[in-house]
């Protein structure tokens, strides 16, 4: 097989000439691993001994009973080493880097999860590592920065533009066009120039492969619906791909509705009205941009979903109506989080809680012998600063104030 | 007249040509106007006018900041196109648009080219549009007499250079080094052999940019290239010393001190 | 089989008369599950679908090469749901509670890990839950308190005594003697009155069972040594038990050396000189106490190891020299943590890092074809406040000060 | 004379006896001294002197705090034993030690009992030492004429009560309810039938404690038990109103107002 550059009208590889040769070599290396069954074996072995795969599929009995409809199953990407599905992609690219013989990796990160995963992989594989992170995100996600640094990674705060994920991506590309000889850019989601969308989706497809086997063995048949949150699209594609050809399974991607689709403070590219086709960051997709083609500021309670673009593969599946897209507001997300913690003792990442919102809305419509799967892309304890803040928790505030007083002395 | 011919014509009188760069709307269109006048009066041959974009992936810190500041001041594409038309009709040198592909795409390729032609723009530089993605746009531009400028990089293989040459017109923009705009380039023996590879790959004139900052750099180019390109350096100059510093700087680059 | 109350000279059941009947019933219920193979199946199934067991055994190649001796393998209890081995014990006791038909659980917690695990289990099993936590620990571990509360648990700060784990245990017993009718006390470690030491160790034995199978399949033979940190003793017994009869495997328990064994600021009960036999909190073991029998204040950088007592089962194995005991100082712990993060991309809990310290000291003595296993009882990201503090990280301090400033507005 | 006989003897003159409780060294040994004098002068029959322990698992907030404060002031076991000897030789009522087992264990069972005997102590209450664990200590104590006090709880079955009776001497301490010392107990019909169960299980005198706070509570006990035990309430009283408040309180408990 060879790499698909376009997915319907979307995708491509809009890169500066300086990277042309780098991408040509990356594509060759990617095709080699893709066509080498030994690679997938090496990959799954690594994920098994290092990251705890297969991750479980948990039957959320209490939530199922609470909604009185479909049996709710949760795919537990939170139990991956580093706490999110991001590890899948990163460890896979780590093996690729080893094959390519490069000695340094760079990455962008928004929520910090991909940065943590890359720092982890770099430590494990003995690679030098620089992570670009928007200054806003550095401020929001200081604990992640701390851990990245402790694992030996250099975290560079990006002061340009909106100081978030997209700016970190630009900055990573700027690094790459200078240092491509020894450096691989570990792209964090199923976006960017080819072959990234396909490669990242492929590495993440391990999620859906496991989930399909698990649901059949635990529930007896395939699910009626599969829900996943959609930032760049990697966790959703990771679980969706396996079910694309399954007639009985409907796929639902959930975007960040922020303060509501009409508020212009959201990050809905496929289910809202504020996005349009465009080309940026090396690929063509639906972007949140103005009429001049300038990218807009986005908003979400979750740092991992507030990205301007979306995987070209998802744009294609959207256009072909193979995946349905919905949005969850910040408020709904906090409520779903709350319910999931209380009912199941599980703390979803704010990103993942978007998928829960939509699943909870629809579960009652389905009969009790149907199953739905929610891809829980990550764990929420990393989000303590955001979540405690969102809850406006007084003793948390007091705790922080006390700590600060100690530090100010 | 077509860009390539204009360049060859100007080159008969000079050992090296000079292309300068401005970011439209930064620090303001008024300053752009003055800076361009200084440039033209001091003999600059081509000016690339960058239409700002929110995601200027191939630009270094100076131009990046200029893009953002211009947009923050409210610069629109209409402003830019109007200004471009005004410059073309005011000054008798070659003007090009430089921007990222999304600007052209969102405006509409056809509409963008029509406006450019009407204004008198002679070339178009889109650093994130490799010809694989932009073959059609290149063809349409050429048909309308606007030169799609191809970019060579030290990382381009000989085969790649030849391939690119076929899509381009006007001249080829050879980046003096890997990386983004802004920092100074070492113009050493590697650079020389890179330029020789460029020369072998295309019959189009060669412009050399990225990190060209002073007369020394320009002197290295004489004989090896047709045109030097100065970008970030003029922006920094204007930031620090105002538009009136541009004339002396250009003079110095030409060796007219 | 029936419950062992004594282990050599240690153990017993020193409980107020009010709890006599409760313990009799608990013991019967425990013997039932212990003798019912279906229970173990139910338990392992639950741990597999909910908590991600079996946890991997990771070959730490970089650390192995760094020390140039034994092959270092890390048992990854950090990948359990809730981030530590504590989940094993708690979920098992949850199943027991269901069988006993009780509707409320209580627990003590020091580091907060056991509290989080219990809150999680209570949410999952629909039980009311109160967790007692020394006020000192509440202050040190506010994030854990936050999550417990969000899962519906009432966290009661204990203001008495040294305001740490032992006081929380006393307070939990005080609750229990009032509410035994509907309430089960989920004891968090292999201490306390019988049947807790045996029961908790049995539930934790899943660690060693998995590890033995894994090391044989990955390394080809049993390990030369197994290292575990020792707080109350549950994670160490969890991994040790399986290897007790294996001649070729030496077992090493690592206690909290704090500021050094001579500093009287430590929590070494078995490898120091400051502990003596005593009876408290319902059982007989080696306690850190003065000549009058009053318990001493302990110290450790890790909130989970600074307990005055130790499992009576370990006291017995210590006396019989079946397990060797060592101590790791706070300083050594931070160094081992640092190295493990940089070399393997793994963030151990401060508790677990004690085991790493000793393993790192001894690995070079062993030949490259020998394996050692370190039980990594939990993950360290929960410890951000302690670890960032221990590193005296300036940007962390700045972050906290900024946050506090926002909250003070 | 043995504790059981002393109790029976005193009981011939009174419808109910009274045992009070102090924590040694809290708030100070001087106050202990005064409080005990007040108690004795007002007719208290037995006093349990609690040797403080750092982990008083069976005690509620008031006594818990008293234990901790006493230890924080530096109270040692030697202080307590000396004070106990002094009280026994000063006052002609029955003194008992109450503490947790570790105190006895660390001091040495034999040594502890010897000291207690020498001092004239008549009984020993160890709430965390069930006879299964303390059979030997019970036997040794009895041999030396010190009564090991057994504790009954509403949760004790009839069989369990009978079993305990065999180990005990002096009297049986019946806790009025589940839980720890301190809060008030509801002395209702359930309580009555519990006391009947106690009475059937042992021929020893019955003392009732935990949450006995006032004359009303005592009145409920008359006829059903031999002795009321007042613990936390006197500590609170002394904390709030000083040792001179103890006399009137005891009077009131005895119905002598």
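When the chains are written out, they are named A, B, C and D in that same order, and each has its own residue count from 1.
Note that in this section a contact is a pair of C-beta atoms (placed from the backbone, for glycine too) under 8 Å apart; a residue touches a chain by one contact, two chains touch by 3 or more.
Bear in mind the structure is a predicted one, so any value in this text is a computation, not a measurement.
**Student:** Which chains are in contact with both subunit B and subunit D?
**Tutor:** none
**Student:** Could you give the separation in Å between the centres of subunit C and subunit D, each centre being the mean of its C-alpha atoms?
**Tutor:** 38
**Student:** Let me have the rounded angstrom distance from the C-alpha centre of subunit A over to the C-alpha centre of subunit C, please.
**Tutor:** 33
**Student:** Go ahead and note the Å separation of the Cα centroids belonging to subunit A and subunit D.
**Tutor:** Taking the mean C-alpha position of each chain, the two centres sit 66 Å apart.
**Student:** Two or more other chains in contact with one residue: find those residues in subunit B.
**Tutor:** Answer for subunit B, listing residues that touch two or more other chains: there are none.
**Student:** Which residues does subunit A have that touch at least 2 chains other than itself?
**Tutor:** Residue numbers touching two or more other chains: none in subunit A.
**Student:** Which word fits how the chains touch one another: line, ring, star, complete or other?
**Tutor:** Drawn as a graph, the chains make an open path, so a line.
**Student:** Which of the chains are touching one another, listed as pairs?
**Tutor:** A-B, A-C, C-D
**Student:** In the complex formed with subunit C, which residues of subunit A make contact?
**Tutor:** Spelled out, the residues of subunit A in touch with subunit C are 48-52, 55-59, 62, 76, 79, 81, 83, 119-124, 126, 139, 142-143, 145-147, 150-152, 218, 338, 341-347, 381-382, 384-385, 387-388, 391, 393, 395-397, 399-405, 407-408.
**Student:** Where on subunit B is subunit A touching in the complex?
**Tutor:** Per the touch definition, subunit B meets subunit A at residues 53-58, 60-61, 64-65, 68, 71, 76-77, 100-103, 105-107, 127-130, 132-133, 150-157, 160, 164, 175, 178-180.
**Student:** Which residues of subunit A touch subunit B in their complex?
**Tutor:** Touching subunit B: residues 12-22, 160-161, 166, 170, 173-174, 177-180, 276-282, 287, 289, 291-295 of subunit A.
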